[in-house]
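Look at the two complexes coming up: subunit A is in both, with subunit B in one and subunit C in the other.
Let's turn to the complex of A and B:
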């Protein structure tokens, strides 16, 4: 029973969602299932918030390793929750929009949350540099091709590429670095991406059929019955 | 989260290490992209896991996670169906499941004939796509070079089969 009910739900929902794409009468049911998903997701937020508080409160209570980070998490969570729930400092009062200009929630979002997110995002620039350094070392023929292609793309996307090869006559314009960069992007790069996308599409179809038909049950934590 | 816990618990039972499992291993962090990255990076740096698995849909967080894992010396296995994130995983991880391999992995590891059969089906699908591409290329080339309504029709038909219309 513990296995059969989830498999049955998967079969019914999966079949209806597929049919809703092809048969207009079932279209509405597909939309309904999407709404059901959103409703369940709302409850999941409550469960998630509760779980977060319980785990970190427990860590603080037991003074486990790095419990200070948990204090920051719990205080931040509760403070943001209170600011949004009780609409603290909201110029329009309790009936106003939660993100009304001047409200504590909006101020915290703009001046604390956004800069923190931007800081994490900014790390990406440094990580791209370090990953590129490792990937572009000409250790073998494949890495050398990658290095040359990336060098052409880098130059082609800057004015330097045009300055360096702009003198090449129009009849040989493909040898101009910006044009070579465009060719790499729209021919070998796009061809490779399309091959991967065809494979992904077939993989999704195959995986979906395995799940809907109950052949694949690893999402239940078991390989087979 | 209950489903995730059940899955992990069953996996521990399957491996005969149910004693090593506890519910707090599976926990909610956040649904915010960079808040999640900050938390997972922190866990990786503090707990220094031996292996990191990145499987599923990833966006800008892919390289931040993979490079952090690389900096702590963990063996990294990634798999995603997001073509834009694949280069980052290939550059930063030890092994990468590229596109369809992510979906084929569980079937391949299970060794079940029925699941392996679905992989054969994928291969047949790829073969059909190859044939359609060759017919389309041939039809487009001939129609451009010499004209002919049949080849235009052939090219358009093949294109229509593989075009998603909203």
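Let's turn to the complex of A and C:
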């Protein structure tokens, strides 16, 4: 019973969602199932939040390695949750936008979350430079082609590319570095990306069929039979 | 100041790189912290000396600008904030530029987000861009912020047939049936243009798969540079244009400044950030050359015994 009901739900929902694309009478049911999905998606927040609290509380209780960071995580989570849930300092009161200017939630978002997130992302530049230095070596023909393409893209994504080759007449504009960079993106890159996308799509179709037909049951926490 | 800044920056960096290149002729590798130091200089010196470059829009960017220009005043443009604070410095200049351009042209702007973090960023855009720069524009008439709903692409699956099944109110709790901007809007199919700004999941790709393509609705995109290559396969059929990274934002800002004298003094973070990006790219290229020099000379040394 525990296995059959979820498999039956998966079969019905999957079949209806596929049919809703091709048969207008079933379209309405497809919309309703999409709304059910959106409602269920909200519960992921409860699960995520609950899981975060459980794991970090346990770490603090057992005083495991770096438990101090867990204290910061739990305090930050509870503080931000309270600020958003009870709309603390929100000038419009409880009915106003959670991100209303002047609210505690928005202040914390703008002055803590925003700069911290941006800082983490900005560090990428340093690691990309270090990784490029080590990875882009002209060891063979393939690596050399990759190296040349990377140079064109790097230069094409700066105004210097246009300064260096802007004098080339419009009829040969493909030879201007920024246009060469775009050509690499929309031709060789496109070919590779499409091949990957089509491969992924076929994989998704096959996996979806396995799920709908009940062949794939690992999502229920049991091995396939 | 600008010229002196450029000269000082170039001299410091070029001399340092030359020294490293000469070192690499003996086959010696460069330490990671030296690379970090040069990268730090490359991104900070242009900001200190305010080094900027002029930009020329490429066709992939100009297409979006021309689309917004060609729509009749009063057209409905939906801008989705599909990003968070980590991506904001790179893609926020794009969403700000789209909002400025759309409102200056007299279009109706609807802001939303498929990312939970997008709602605060769209609220910031209303507060920092719309209210001070367009004081004559009225919330609910000329623009509206309907915020975030959970469900990722599931949200698009619903609003492509009916907005109100997912969004009953805007972020301030005002019923969508009572606002002028939503009169005559039933679903995404009533939009004249949709723009997704982001770079992760859900983002531009989901807008193509679940809204633009099935609904045959024009879609434009703005994305972080690292994600842009994955979106180019959709250009130009499913995506009318794409702003890739800060370069795309800078090109769009330069187009706005060129065509709208009222924005001559507007903040242009995209153009400003192109200084550090240009120098950072040059540094990366220089280190790739140095890396190859040390690789070849080390190899030769090994062969020579």
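Keep this in mind: the second predicted complex is superposed on the first by the 188 of 225 C-alpha atoms of A that agree within 3 Å, B and C clash if a C-alpha of one lies under 4 Å from a C-alpha of the other, contacts with A are read in each partner's own complex, and residues count from 1 in each chain.
Quick note on the criterion: a contact is a pair of C-beta atoms (placed from the backbone, for glycine too) under 8 Å apart; a residue touches a chain by one contact, two chains touch by 3 or more.
Note that the coordinates shown come from a computational prediction; the quantities given were computed from them, not determined experimentally.
Visitor: Once chain A of both complexes is superposed, is A:66 in touch with subunit B (first), subunit C (second), both, or neither?
Guide: first
Visitor: By the touch definition at the top of the document, which applies to A:128: first (subunit B), second (subunit C), both, or neither?
Guide: In the superposed model, A:128 contacts both subunit B and subunit C.
Visitor: With the two complexes superposed on chain A, say which partner A:47 touches: subunit B (first), subunit C (second), both, or neither.
Guide: A:47 sits against subunit B, while subunit C stays out of touch.
Visitor: In the superposed arrangement, does A:37 touch subunit B (first), subunit C (second), both or neither?
Guide: Second partner only, subunit C.
Visitor: Between subunit B and subunit C, which makes contact with more of the residues in subunit A?
Guide: So, of the two partners, C touches more residues of subunit A.
Visitor: Should A:57 be classified as contacting the first partner (subunit B), the second (subunit C), both, or neither?
Guide: The answer is neither, since A:57 touches no partner chain.
Visitor: When the two structures are overlaid on chain A, which partner does A:205 contact: first (subunit B), second (subunit C), both, or neither?
Guide: The first partner, subunit B, only.
Visitor: Of the partners subunit B and subunit C, which touch A:193 in the superposed model: first, second, both, neither?
Guide: It touches subunit B and subunit C both.
Visitor: Taking the superposition as given, does A:120 touch the first partner, subunit B, the second, subunit C, both, or neither?
Guide: both
Visitor: Just to be sure I follow: which residues of subunit A are touched by subunit B in one complex and then by subunit C in the other one?
Guide: 44-45, 116-117, 120-121, 128, 130, 132, 134, 193, 197
Visitor: Taking the touch rule as given, give the residues of subunit C at its contact with subunit A in the complex, in rising order.
Guide: 30, 32, 35-36, 38-40, 43, 53-56, 58-60, 84-90, 117, 119-120, 122-124, 127, 145, 147, 149-152, 154-155, 157-158, 161-162, 165-166, 171-173, 225, 228-230, 232-233, 235, 244-245, 247, 274, 277-278, 280-285, 287-288, 290-292, 295
Visitor: Contact residues on subunit B for subunit A in the complex?
Guide: Checking each residue of subunit B against subunit A gives 1, 3, 6-11, 13-14, 24, 27-35, 37-38, 42, 46, 60, 63-64, 66-67, 81, 83, 86, 88, 90-92, 98-104, 106-107, 110, 112, 114-115, 118-119, 121-122, 125-126, 129.
Visitor: If we count contacts the way the header does, which residues on subunit A are in touch with subunit C in the complex?
Guide: It comes out as residues 27, 30-31, 34-35, 37-38, 41-42, 44-45, 92, 95-101, 105-106, 109-110, 113-118, 120-122, 125-126, 128-130, 132-134, 136-139, 147, 150-151, 154-155, 157-160, 162-163, 166, 178-179, 182, 185-186, 189-190, 193-194, 197.
Visitor: Residue numbers of subunit A touching subunit B in their complex, please.
Guide: Where subunit A meets subunit B, its residues are 44-45, 47-49, 51-52, 55, 58, 65-66, 69, 116-117, 120-121, 123-124, 127-128, 130-132, 134-135, 193, 196-200, 202-207, 209-210, 215-216, 218-224.
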